[in-house]
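Below is the structure I would like to discuss, written out as structure tokens.
So that you can tell them apart, the chains are marked A, B, C and D in the order they are listed, and the count of residues begins at 1 in each.
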């Protein structure tokens, strides 16, 4: 342990300061009320000390006071809500240029795959100054990916994908914790984020053993699992073309419209009949049990890159 | 208010004697005592588990218990403390004992069902203990799926059934209270003459009957999934584990108000008594109980901000969470104002009131940190949360329970305990408590996750402090246990009204007779009429 | 003593009974017709009508105190809270659109 | 709400008046209110299952229709009719108790019980068919069925199973009040137990009124 006792976690991401600011604001409000009430009750205890048999003053209440102490906490609470909600939005909407990293949690380890294909376990190397977006999947139970120094955390839920993002600002090594109880070695499901200068990161990437980028792997799987037989680049296959599907709004055959986000893609592969695209038969087989959570992420990464042939009709904005 | 003349009749304790007469009793006061004994046992069990947790966490390595054992220990600590101690604590003991008396009734509306609820509690508790003996259960008290339903290899089914069954005891208590308040009030006992403790218990009962059935069916679904393969939350067949959390917290958030509302009721009684003054803003305190009970049903999603719940839902839950803090604020300020220009007597109840106020404040205010979505991302499932809820549940709930127990002890047992010892114990508990749980706020903000059997070394200092505090805290509790038990044996006889308090319960003999009143009282005055309250009578002790 | 307690007439019971049987037949019939999006609302409407008939007449809420009426309604109101606040989540999961775009 | 209790002093207390009540009226009101409060808890109990039902139906609309088509709506419809008939006999039993007619009480309680038992017998045959068709969730569940159907059947079994359990309890209650009615316990002064049992029975009927269209009738228009 260092000689000076740390009382505060390191702040090493762009949002850490904002989170701390909100923390200090609520702390100030809380301290004010805690001190106010404590001082008052102690003061009254001494000041109005009475004897047995005496009675206090005949006071029943005051509407004005009630309104004041309903109103002020209400306003302050709303400020906290708005501030907290704003921060939450920031933390929930990754910037468009974020680099995509896939994380799969399983009892009791983290498997990480970088866009270029480098994999690591229980470690996550990231460049500073660049937004990183994690797509999280779980192979068994709920886990939670938590980096205290970045003030970010997200549950990793089996059966769906979740996302989180951060931009590291300071180089160094920080804890990764699994923060959702997941069984025996929950407390051992920890790791390290290594935040590096971008050039160091490039060097590290180059030194890592890459087994092909996520997209390349996804493309390979797309052929191996014979998705390609039904999903062609044009509309000649038995299934809809997947070009440009990501981010578009899909019309289903029961009249509903859904947004094709990662979870939709995931569901389309794992339980294809839940949402059937309009004009198609529910013939796509389920790949549940055939693809691992990692392969799934790769497939999705690949599908996301498929763009329609002529850019003019691209439904994806931006 | 002459008293010595009504002291002669045999009390509920003595008439008739015998174990069978207790185990088959329909007297709400005896059932309250049965509950009191049971929950004390469970507090000791839960406390022993807490001691094991704290012993483990002294060192970072996790060398005292194995990881599996640690997980079972904190699970059982949570399950026992919540379902078998804190939820029944005030309602089933003090509520059961005093609510009928306070409204001038001879008993609850359904005495037999009242007894049944205790037996159900015992059966549920036995099942849960059976799960412990058969090897424990390791899911955390929250039983999150799919860990609980498909991954854990421990006795989840047995424990779930235990919780399921205990739920019905809670439902029956709540249902009995509601009917009693509506149908059993004595002549003249209008709604706005009822003591605030009755209001609080009424609000609690609403939560019990509206929320508990949902947790019952939810844990039953887990049992069905494990035992019969009737999977509903299993992601492998397309189930959504987050749905479980919705159902779980639909009950378990309101349940935190089951744990604190009766405590707030007790504090309202105590604060008026120690100030010897009418409660400030009676109707605001009364209605804030109802507001908390009702709005409390709309905020459950604040436990799920980072589970992938939709942002829109998160927003709604967050804003209502902030709203529900306001009635608690109203209560706090009204209690404070009650003390203004009072005649504050420094009897032992005052110490519990002050302790409660301080700790509940910190606990409640830290709830605001957690309710602010952006901040909860960082704090969720860290020791900050652990500190938050212990401040409210132990600092608030248990303090209020102990305060109530000390206040009503003379009435319930007919004996006085040692005032100086009680004051020392309350301070011991207060300081031990803060030493235990304040460091957890810091270590939580630093990022230490909860339910960790081992942890990085930089968090050790705080954990050592915390364990040291827990030792003091445990000693405080043990001390209370000892002098209270001693008082039953050797304590001086209690007078009818040792605190000079208002209310029907102080106008009958200590301990009360079986049907509480010789004749049905007719109520003509508002509650907390301390201007006309009798002086406390301590002298009766001489008549011993 | 039980002057305040309404004794239901046999005629009323029979009428309610017939109405319930007819509604059951109706719901079965309507289920065989495809009404598109109206399928579920119609089925629910019929079920709610039937339940209301049972509650109001067979269970005697009509002749009961306001308190009982409140209690009878409150259970369903609370259930709606569970449904609404819960579905709040499920119906808005795609609210933010595709992350990063 | 006005103060509901009044100190009516009854000349000679009714033998069935429990000592902590003032009057038979108060006692009756307490037990009816009690039953209604209890039924609220029952609403919430089944409500949790309906919540799950809504969520999964929203997620797997297609599987829901497919799975529902596997259920036998004719048997479900028959059972609906049976329960509705048992509701009127129950209502008549309460009426008979209120007017103190012992014979009518006995007949109607017996009819109610017989109808309730019929319901359970039909249910038994339905369950049996599900086992034979590998529609019971778990390792034997037909793997060729689409995702979501297994959850439908899990919910089907839990919902109807718990409903059937309520029916069994209801039959126990019927047996009890039958014996009491036989002894001539109930009359215009004292009929609270019959009334309260009736409330319970009708409630169980209401649950089925919702279960029937929601479980059995989704697949009908497709087929």
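Just so we're on the same page, a residue touches a chain if its C-beta (ideal position, glycine included) is under 8 Å from a C-beta of that chain, and two chains touch if they have at least 3 such contacts.
Since this is a predicted model, take the numbers as computed values, not measurements.
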Between A-D and B-C, the pair with more C-beta contacts: B-C
Interchain centroid distance [CA atoms averaged], subunit A/subunit B, Å: 35
Chain centre separation (subunit A, subunit D; CA means) in Å: 45
Gap in Å, rounded to a whole number, between the CA centres of subunit D and subunit C: 15
Two or more partner chains touched - positions in subunit B: 182, 210, 214, 238-240, 242, 246, 250, 311
For subunit A, residues that touch 2 or more chains besides their own: 92, 271, 274, 288
For subunit D, residues contacting two or more additional chains: 1, 4, 29, 33, 37, 40-44, 47-48, 51, 55, 59-60, 147-148
Chain-level touch network, classified as line, ring, star, complete or other: complete
Parts of subunit C lying in touch with subunit D, wherever the complex brings them together: 1-2, 4-5, 7-8, 10, 13-14, 16-17, 20-21, 24, 27-28, 31-34, 39, 43-44, 46-47, 50-51, 54-55, 57-60, 64-68, 71-72, 74-76, 78-79, 82-83, 86-87, 90-91
Footprint of subunit B on subunit D - complex, ascending: 1, 3-7, 18-20, 22, 26, 29-30, 33-34, 37-38, 40-49, 51-52, 55-56, 59-60, 137-139, 147-148, 150-151, 154-155, 157-158, 162
For the subunit B and subunit C complex, residues of the former touching the latter: 182, 210, 214, 242, 246, 250, 297-298, 300-301, 309-313, 316-317
Subunit C - residues contacting subunit B, complex: 67, 74-75, 78, 81-82, 85-86, 88-96
Subunit A residues touching subunit C - in the complex, by the definition given at the top: 92-96, 98, 133, 163, 246-247, 255, 258-264, 316-318
